[in-house]
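There are structures below to look over.
The same chain A turns up in both complexes below, where it pairs with chain B and then with chain C.
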Partner chain A sequence: MSSASRSSDLLGHFAHVDTLVEAITAAQANAYEVCDVYSPVPVEAAQALISPGRSPVRFVTFAGGLCGLVGGMGLAIITSLIWNLVVAGKPITAVVPFMVVGFEATILIGAISTLLGMLIFAQLPYRRFPTPAYRASFSRDRFGLWLRCAPEQVEAVQRLLEEAGAEKVEVLSIAQGGRS
Partner chain B sequence: MKHAQLFADVLAMRDKVHSPRDKSVSLALGLCGAIGLLLAFAGGSPGAGWLALLVATTMTIGVAAVGVVFAAIFHITAARWGRPFQRFAEAGVALMPLGLICLLALVLGGHAWLPWLQVDHLTGGKHAWLVRGFWDVRVLLTLVCTYALSLTFVYYAWRRDFCLGEVRAAFTGRLGAWLGRGITDAEREMARCTRRLDVLAPAVIIVYALAFSFLAFDLIMALEPDWYSTLFGAWYFISHLFVGLAAIVLITTVLWRRLSLERFVSMPRQRDLATLLFAFCLVHMDFFWSQFLTIWYAHLPEFTFYLIDRTLDPALPYHHLTWPALAAFFFIPFGTLLFRRVKSSRLLLSAVAIIAISGVLLARFIEAAPALLTLDSPSVTGLFLPLAATALVALGVIGVAIPLYQRLLTSIPLMPLSDEVFLATQTHEEHP
Partner chain C sequence: MSTHHPQLGALSYGQVDHDILATLGRPSRAYLAILVFCFGLVCIGAVSYYHLLTKGMGVTGLNNPVGWGSFITNFVFWVGIGHAGTLISAILFLLRVPWRTAIFRAAEAATVFAVCTAGLYPLIHVGRVWVAYYMIPFPTGRELWPNFRSPLVWDLIAISTYLTVSAVFFYVGLIPDIAAARDRAKPGPRQFILKLLSLGWLGSIRQWKHYMGAYVLFAALATPLVISVHSVVSWDFAMSVIPGWHTTIFAPYFVAGAILSGLAMVMTILIPLRRVFKVEHIIRPYHLESMAKLLLVTSLIVGYAYFIEIFIAWYSGNPFEIAIFKYRATGEYAAIFWLMVICNAVVPLLFFKKSIRTNILALFIISIVVNFGMWFERYNIIVSSLAHDFFPTAWGIYEMTPVEWGIMLGAFGLFFLLFLTFVRILPSISIAEVKESMPHPLRGRKR
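Let's look at the complex of A and B:
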């Protein structure tokens, strides 16, 4: 029997960011599993707590930008070599004007790569959304914290959420193996 | 009261602005400036004195103006992240008297350094524009009008704070008494100040761009009376915005520990400031490149000589400075600010800011020097004295600016306490 099949899930509803952050900190300090956090706005402090590592998207952005620079310069150089267009005695492959193409392609491909990297690493679009713990109010004016614990810890977790400032705590009945 | 602790913390900050070492640092820098002026005017390099004064003046008048421009930008965009930096930017107005004095010295000594006075035949209709008297009034009036508008903006921004009783009680000096005079209905007065700021903020930005474009044409571009570029003004005012932002980075770093700024500026906010510095580094280069590209493509002798003299000509020493200047104002800031570690470290960020400011200073030197200096040889050593004198005079200006700036900082609340946007950031702001 897996550990998930012997666990219980609780959902805390919060009205304020600081109480949410406090609850996440307390849950992590007590080694309860934080399954998910819901918020209508980006909360950097909560994000830093649930995924403290640095995002790998930046490598995708860098690679994309580099490809854009090489591609943009390459495109300008190769087309100029194929279709010689001599302007005012300037060299056929001139770095000065080609930098513009290279710069624009760096930005374009870098931005597209960032979007794709973000979608891939965030596993978006998430096909199983809404999750069992999602509530419509989490897209409006409330914050949600979904915790998983052993069945004998339910009361302790409930107390922890309430002490942190949860307005309401739900014990979820989720088919085991739900997203974590 | 809702924000009692916040108010108490902010009002207590003014006592920590000064440090015992400030006076000696200021004196040492001032001494550097005096030595620089002496070297420049009596060092035997003709034109070096006016060159050093011109470069220092352009930097000073720019830094004095751009702080208010940033405050206006923060106001228009309701930038939550920028609020803790707002007062440090606005206090740049403390340098305005110094900038005006330097400009006045340049105007009074114009007959000794303005190269177009020696030109018999000015081309392109410039004979009507570059006329002594008209030029004097124009540069002084442009700067005075810009400063007057900026001061009006900061007056309303600070007066709004002085509508709060706690602020009026804490700042009872002359400036405080003037800012807080005649306030009977505080809420109504605060609303009036906010309405005035709404109107003045866009005006400050537009007038700054126009005025500093004209100052660029008159103070720097006119040094080569046969050369012109319509983009030169934009390149000049953008470079001052870049320098101003780098100066804000430096100031907050110096004052960080003294004022316990971590209470107001979280790490994400510091990175926001660094990201904006990176953005201005790109915009600055963009304006440079746009100008360079069109001159390079057109390849017309009446335009290219300006660039050739400063970047290529082996008969002149200035090409030795071109790459160091480009590296300092673009390549180094661009390459380093890509990294999160640099943006997160105040020390590294300050080092980048110093390099960027030095790069713009060097660019200004390269722009002005060929028209003002008379050099005997193309050797780079001939440039040593004028360059060293310019750097020393710039340090001297910083030495004079420090006490002026600090004195102003002790006369106003260091955070915009009447600003709803700032108060909102302090209520629910993240402080990891």
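Let's look at the complex of A and C:
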């Protein structure tokens, strides 16, 4: 029997951001596993507790932008060398006008890379939607905290969530091992 | 990410959700009537274009010396309209301007649809649309590539980049709101489509982290892009030697004009929208007044550009430059020139008066006046310079034919048809960002 199959899942519904953050802090202090937090808006305080640091998407953007710059300039330079016809007395490899092409390609590939980076890191499209703990109210005006603990700790976790200010606590019956 | 918005403090998250999603309810008869009217305009445009395709470019007023007429005028006009969305959504986002949250979605939608409309015009203008793909750089057996030193090729690259980036930015911004609409939708085909479009968005803390990280980067990429696009469009003209076009101020002049026209169009759309959809408590007079202030600033820049290009023409001592500006003010197109000056540089000065910029009807009327003014500006720049260049023997007059009028009406119909369809299908005000701009619900604070 795996360790996951010996665990229980609880979902706390919160109406306030401060109570949510309080509950996360308490859960982490008691070493309960925070599976996920759902929110209709980004909550920086909760993010700092669960997933601190900046998103790595920026590295993907940088790499994409660099490829775009090299690709755009390369396209203009190489194609002008293939068809080396002097136009209006301008040099065959005219760096200044080609910078327009390089700039636009930097932005284009940078933006597409940002999109791909976001989709990859945020795991979108999310194939297992909805997760067992997701509720429609979490996209409206409620915050959800999904905790995992040992079966004998269920009551303690329930008490912790209620004391922190949860409006409702659900004990989830889910296929073991499932998480966001 | 956004600065808290003091004006929205009285609302709750649930109310915002409810009121914005209510705009997606059953459409009114007035809405359907406008939709049918726009579709009628699109049909007029389609018939006119079919006539042009079958008869050839001879059915237009384009000829020597005016080879760029209404099609390029409309192209530049619509690209300009497409500038306010990215300005509001990207630049004002980076500057943390609080009033953008309630209006940026409609502005972004206007951007995407305006650029789509603009993109049709070069295809119409080339005449033989079936070989328009020659403009795209792709490998062929002929080893013939576009000339990357040409501003027209820069234009193709800039506009297609702008459309792609604006569309991606627009869609990414929509994801949390589509998820909210999905969660409120009844089971059925609509919910299924929303489920697909929301990409399974959960609003989990990790998703938000990468989403917000990416959103800032999109804004950072879109900011130089929005400046570059109309600069590149202006170089279509400025890189030539035609009097009235060959000037270094064209890039900032065009960018300011684009933002002016875009803001005016967004205002023209938002004022009826907030009333029809009963979201006046979300899009408040405060938002419109803030837009009016920005419109006033850009109008002053445009007015300065009008003055300075005349001054430079005189100061340069170049007889051709002096001649073209005299011609614009006194020749066959003088009415267009003076309407341009009055609509874009004089009428918006009324916004210096607070009572006018807080009067919704006045805002609506002035925004329409500016829309007309900006169209006149494009027409004035493009047509008058070509009609009256270096050689008196080559001078000529251009007038739009009914086919060109028909295509122009069709383009306006298409833009409004796309926009009206959008506002019934997806939230035209950002739910997530409006909520984000409000103070977080806290235990001690009654919501």
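FYI, the second predicted complex is superposed on the first by the 172 of 180 C-alpha atoms of A that agree within 3 Å, B and C clash if a C-alpha of one lies under 4 Å from a C-alpha of the other, contacts with A are read in each partner's own complex, and residues count from 1 in each chain.
Simple rule for what comes next: contacts are C-beta pairs under 8 Å (C-beta built on N, C-alpha and C of every residue); 3 or more make two chains touch, one makes a residue touch a chain.
The model shown is predicted, which means the values in this text are computed figures rather than measured ones.
Chain B and chain C, once both complexes are superposed via chain A, clash. Contacts of A:Arg54 after superposition: both chain B and chain C are touched.
In the superposed model, more residues of chain A are touched by C than by the other of chain B and chain C. Touch criterion met: A:Val37 reaches chain C, while chain B stays clear of it.
Once chain A of one complex is fitted onto chain A of the other, the partner contacts of A:Gly12 are absent, as it touches neither chain B nor chain C. Taking the listed stretches 77-85, 167-175, 275-283 or 311-319 of chain C in turn, the superposition on chain A shows a clash with chain B for 311-319 alone. Residues 16-18, 43, 54, 58, 87-88, 90, 97, 100 of chain A lie at the contact with chain B in one complex and at the contact with chain C in the other.
Remark: chain C residues 1, 12-14, 17, 137, 143-150, 153-154, 157-158, 161, 164-165, 168-169, 172, 175-176, 179-180, 182-184, 195, 199-214, 217-218, 221-222, 224-225, 228, 232, 432, 435-436, 440-444, 447 touch chain A in the complex. Per the touch definition, chain A reaches chain B in the complex via residues 16-18, 43-45, 48, 54, 58, 87-90, 96-97, 99-100. In the complex of the two chains, the chain A residues touching chain C come out as 15-19, 36-43, 46-47, 50-51, 54-58, 61, 65, 75-76, 79-80, 82-83, 87-88, 90, 94, 97-98, 100-101, 103-105, 107-108, 110-112, 114-115, 117-119, 121-131, 134, 136, 138-141, 165, 180. Considering their complex, residues 268, 289, 292-293, 296-299, 340, 428, 430, 432 of chain B touch chain A.
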